[in-house]
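Both of the next two complexes hold chain A, though its partner changes from chain B to chain C.
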Partner chain A sequence: MSDHLTQQILDLDELLIHQFKENKELISAFDIPKVSALREKHIKDFVEKGFPDSSQENWRFTEVESILDQSFIHDLQPLLSNNNIEELFRCEVHNFDTEIISLLNGWYQGDDGSMHTSPEGVVYGSLRTAMKTYPELVDKYYGEIAHCMNNSFVSLNTAMVQDGVFIYVPDGVTFSKTLQIIKIIDRNENVFIQNRNLIILGRNSQLNLMHCDDSINHSTSLVNTVTEIFVGENAHFELYKLQNLNDMSGLINSTFIKQEANSTIKTNTLTFNCGMIRNNIEVALDGNGAHADVFGLYLMDKKQHVDNQIRILHNQPHCTSNELFKGILDDEASAVFNGYIYVARDAQKTNAYQNNNNIQLKPHATIHTMPFLEIYADDVKCSHGATIGQLDQEAMFYLRSRGISKANARLLLLYAFSADIIKHISIEALKTRIDDMVKKRLRGELSICEKCVLHCGSPEKEYHFEIDMSKI
Partner chain B sequence: MEVNDNDTILEQVTQNEYKYGFYTDIESDMAPRGLSEETVRFISAKKDEPEWMLEFRLKAFRHWITMKEPEWAHIQYPKIDYQDIIYYSAPKRKKELSSLDEVDPELIDTFNKLGISLEEQKHLSGVAVDAVIDSVSVKTTFQDTLSKHGVIFCSFSEAVREYPELVKKYMGSVVPYTDNYFAALNSAVFSDGSFCFIPNGVRCPLELSTYFRINAANTGQFERTLIVAEAGSYVSYMEGCTAPMRDENQLHAAIVEIIAMDDAEVKYSTVQNWYPGNKEGKGGVYNFVTKRGLCKGKRSKISWTQVETGSAITWKYPSCVLMGDNSVGEFYSVAVTNNHQQADTGSKMIHIGKNTRSTIISKGISAGQSNNSYRGLVKILSGAVNSRNFSQCDSLLLGSKCGAHTFPYIETKNESSIVEHEATTSKISEDQLFYCNQRGIDTEKAIGLIVNGYAKEVLNKLPMEFAVEAQKLLSITLEGSVG
Partner chain C sequence: MLLNIKNLHVSIDGKEIIRGLNLGVNKGEVHAIMGPNGTGKSTLAAAITGRDGYDVTEGEIWFKGKNIIELSAEERANEGIFLSFQYPVEIPGVSMTNFLRTALNAQREYHGKPPVPAGEFLKMMEEKKNLVEIHSKLANRSVNEGFSGGEKKKNEIFQMAMLQPTLAILDETDSGLDIDALKVVAKGVNQLRSDENAFVIITHYQRLLDYIVPDFVHVLFDGKIVKTGGKNLALELEERGYEWIKEQHLA
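Up next, the complex of A and B:
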């Protein structure tokens, strides 16, 4: 069943609230009691607040109204599709060993009512199945760190969500491969999708996760994803987010990470294409000696908009964090960066670094950057920086004087600028692939028509600059 | 070095009592408590203002009642009851004064305690002092020297009487009454202030200076300053403030407007040392100030320098609107907070013209249980090609219960401009302390030395006369530790 939300009499938020009230039983059919209770709480919050608008400080520069004004279909049940996701989508990164979890139009594919278990003991599957097979884990963690402060999309998600991914890495387990979540949107109507992911890492465990958001057609979609990640003591977690949707689509991504003592995480948000992207990342350093690396790269053109809201909460002493976001803005694209480092009263010996660098290529590109620090402890080292500029004219001159064409020199400099982020990718095969993608993107060759960001062209062909390096 | 030692010294250093807490007993002529159209009319009538001035005030008042108090700043204070404030209080004067001898001896005494005796200032430093006590300009010196050069420097009410055309033309052109809540309030009830006009091509021979003091209990101080620098002129303007100790919070909502035409340069320096409240956070001045300069002409320059050591709450963002091509805006600030003080201060640089440049240097020092925030905006509009901004805001933390925050906003809308922002937050380096100790400098002195060195970049920008006072103020905050 799909509920057409096309009546123009009601706004989208009212329609969604109406849909929730009418179909409560269907929506919460697989719930454990806690999840149902959260739905009630959050729908109230959403009724009260509605969608955020630009009068709110956190949404000042990101205009969601124009997307929300369109009509959307909000499915309450998966459509029976003839398309096999394996056919729609094949991942062809060489030497890149992944386990794939696929979601088509927001619904977990191949859910047979049981969870997968890898040889090492990593458990993964759909969230709705997890509520049946691991109710105690879901009960313990679900909704514990996702909050709707300044973001009623989280309320809407908590109230309406029906599917998503559940991953559990038990204590001491290292997942040798990379787990890859692939989200494909392939509908001819405009769809509004809610997804919820719950990822739990036990003590001394390790997981690499890749999260790809793709669309394979040109209709408008709006994806509202909430991800909660719990990183246990001494665990290590890496997250690569690839965002490559069509120019009409919107993506609201809210990621909450809670770190225990001595755990380390690395997140890398790579935004290549999307009409409107909002990434909320909140990392709570809740244990002594935890470390977080939060990186991001955004390459936007046309009228695209990207908004990265990064909150790093230093709640305990001896934690370190390193945050670096870089972006290249072309045409009339706009970017927002709001970094926020919070150091709690007793979080002494904190070392936090935050940096945002932007290159603006065209006169009508817009950049808003707000690197905030809020510090309540004295024995800390916190610094931040932000720059907005252009390509270094001297470097440009140097390259040109060596006989490199203007276009190539420009490309080389832009690539060098992006390389600061790419070099932090620790999976070698992925790094090579992303490297190629960035080169393609900078040349304007990467298009979302190709099925997947990792499936762009033939993997055999490596991309090189047409530069005679001997001249340099 | 013993950690405890350090803590004790830090405690001593940061818990000094306010040295300028005294109260001059001058009979005041007060408006009734509360704010209404009647109050506005009362103030206007008291000051013998022309009809257009009253109209301006009433427009502002009518707009103010439709506005909401801003809540975005990182400060907390109990709700202000705007109906419980006396909006006008003037020392009673029996007749016009023609010489210093006629000034109320108690008033002279007040100035003497502050170390700014009018005579001394007059004879030794060559500074013209337009002393403002509780809203009415009492005495203006060096009028003659200035008038020889065609410089107008007088109280605002005098300017309204004597130069209505100038006031009409420029008042509200940089900070309109609709600008913000406190600007609207000020526009409705402002009591007095200074007016300064530098004609074409004149380099003002003196550094102009005004001392503001908030006096009688429960009176809000609503100053309004207007500085107009015509083409090719130069002026350095100094504003210093101290307020006597009072238990109830006093409200201060001032407006400063600066207009600089082609090639003009205005240097505006402030030392603010109002009563910050006692150690428990009781009392103190609420300081909500709107300061803005408009670089209207080509190659004009406006420079703000401020040393903020007082006030329970500071809400202040001296700004530059860089409208003329090649114009320059500068902001240098040292903000010190201790005990329960809260400061949310910074600067706004709006680049409109081509090749405009701006610099922001902000040094925050927080001690005790205070919160010190830098909040700044750098906005480069699409027409501001080849613009350049550099911002640096550093915070120093003394003690483990204070907070230091940085909220920069940077927006650019063209591809040829370069904006850089950097900030660091740290505590006093143990290495530096150790180095000083090792050279025989005790911890107290070492802290003073380091803090002074830290703020040096900004203090150096102050005019000579002020630099001395500013250092004195820093040493009061860091009592006994400055060598």
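Up next, the complex of A and C:
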């Protein structure tokens, strides 16, 4: 059995296809029939298409080839880690009541073959266990909204994925804590990881989820995550994605959300560090009166690259969406924002707002921002805007003329720019923590490899900002 | 002498705007600088406060016995120079509280003092707000964001009261103000006047000088001070305009 791909002769896609064919039984060992059938369908698709490349319109500004050009190990079984797992995943966010789900190198930790049930009745555990304990739910929802349009990474994921997180919030249940998925890569070899998450919220339910992608060493990792989220009628869902991987690593994150009538969601994608990140977020407003807030903040430097592909589908009337992404690009970093809004023919009274603002700190930083609206209804309000600017020199002088140093004036302005996104974090303790992280990141002090993103620095030590930002 | 400007030449993008200006200001004095548009009044303010892009090609600016030409804008501010902007800048996301506390602490650090305690700072804010009759809650508002024209100018004087400069330059503070706001601003300035500080008031019109009475009035023309007089010169300019000055100067 070959679960390591270290050969250099074949390209990565060919190796993966080969690995799939050789190890089909192992890969699908925990499957329900639907999942196996989807594998077959999607491997065909992947064989046909291979990895995307920058000749494709949707990948034009994201040169994914360079990362794929490296050799990777694609594990088919979890490896035992030498590190203390509890230490790795210890959450040190103060006053932040979370239930932690941990994945190490893509494998669910502590999977004992049963699901956890919170006192309120929220069920969570590994996807492979869910297929055994909740086969009817997995069968009903799995693969229903994830699609591989312009993104064969989803095909590859559907074909080869073996683990991930399953969360089920039954009707009427509110999870009082925040559920936190911490994904850590700790591997001394280049590793390619597939993860699959399935999240189901019943009617009138509520869930706050935090999803942290971190790497703790300096090896190259490539993570390909597909998350499907079903938000039932009148349910409320919040998703905070923290992305903090090392400069060599790549992250392909495809999130599909389907909303029923009068449901509300809020997603906040906070990208602090990573060599190459592609966030595909698709929100389908499939029920009357649903609302989606889709926010994002990216702070990139060196040669990092972030690509946010956002698709908001107004399929039903009376839905509203509010999309705001802001980014600061330093050095030779690059960013892509592609905001697509679709309004179906019958989706009257749609109100969709989209905005993307960027600050380009250095002349070699690049930003491609593309709003794209496709509207088939006539009674709609849609607005969009995109800006790319430098630091406001008038404001800089104003601050400096009051005695504030150039460095601090710059920080104040960059922080103020970011605060627009931070203020939308509704979990107070998390907001404070993110606030600190942004300040650290802007000062170039956020270390990417000190364990998980939430452990950054020493939380016991009170963090002192050069400018006193503390509220008084 | 608090401020002593000698033979100042200032260029913007290679174009000379100030051409050999001399000005001396002592503590306790109020100087008005008047003149037609485009003669270099705002350029002078920018050059004194150290704005980037205003190149001093010749001459010296002495402040408290120090030539400040080489100092950065923030160093000059911390030395005690304040500029009330003609167009105060809106800075969304930066609260007035954070802004002023940062500024005040920067100044204190510059002078080797510890940061201002939070309670003391808040008390000071309340006290100084009253000086310019700002009634709204400033603390959580972003700097100048959504402020009316009058509020912005009051906010400048409020900041001045907080930072207690030795030299305050008021650049067209009267522009865009209605008479009531003008009176409030003038009242604030008059209360801040002392034997230990000085004011340079840049204005196009005599109106503000009815309320802030200057000791000296200078006329700036063609990048130089071409005439200096007492407060009556402002009245004369109001009556006769600037044409006669131009003619005199060009003759």
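FYI, the second predicted complex is superposed on the first by the 455 of 472 C-alpha atoms of A that agree within 3 Å, B and C clash if a C-alpha of one lies under 4 Å from a C-alpha of the other, contacts with A are read in each partner's own complex, and residues count from 1 in each chain.
Following the convention adopted for this analysis, a residue touches a chain if its C-beta (ideal position, glycine included) is under 8 Å from a C-beta of that chain, and two chains touch if they have at least 3 such contacts.
Since this is a predicted model, take the numbers as computed values, not measurements.
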Exercise. Which partner does A:L412 reach: the first (chain B), the second (chain C), both, or neither?
Worked result: second
Exercise. Is A:Q348 touching the first partner chain B, the second partner chain C, both, or neither of them?
Worked result: first
For this session: Could you look at A:H384 and tell me whether it touches chain B, chain C, both or neither (first, second, both, neither)?
Result: first
Exercise. Which of the two partners, first being chain B and second being chain C, lies in contact with A:Y376: first, second, both, or neither?
Worked result: first
For this session: For A:H364, select first, second, both or neither according to whether it touches chain B, chain C, the two together, or no partner.
Result: first
For this session: Could you say whether A:K140 touches chain B, chain C, both of them, or neither, answering first, second, both or neither?
Result: neither
For this session: Report for A:F397: first if it touches chain B alone, second if chain C alone, otherwise both or neither.
Result: second
Problem set entry | Doubly contacted chain A residues - partners chain C and chain B | none
Exercise. Considering the complex alone, what residue numbers of chain B touch chain A?
Worked result: 72, 74, 382, 395, 397-427
Problem set entry | Contact footprint of chain A on chain C as seen in their complex | 49, 51-52, 72-74, 77-78, 82-83, 85, 88-89, 91-94, 97-103, 105-107, 110, 115, 118, 121-122, 142-143, 159, 163
Exercise. In their shared complex, at which residues does chain A touch chain B?
Worked result: 57, 345, 348, 360-390
Exercise. Which of the residues in chain A end up touching chain C in this complex?
Worked result: 392-395, 397-406, 408-409, 412-413, 415-417, 419-420, 467-469, 471-472
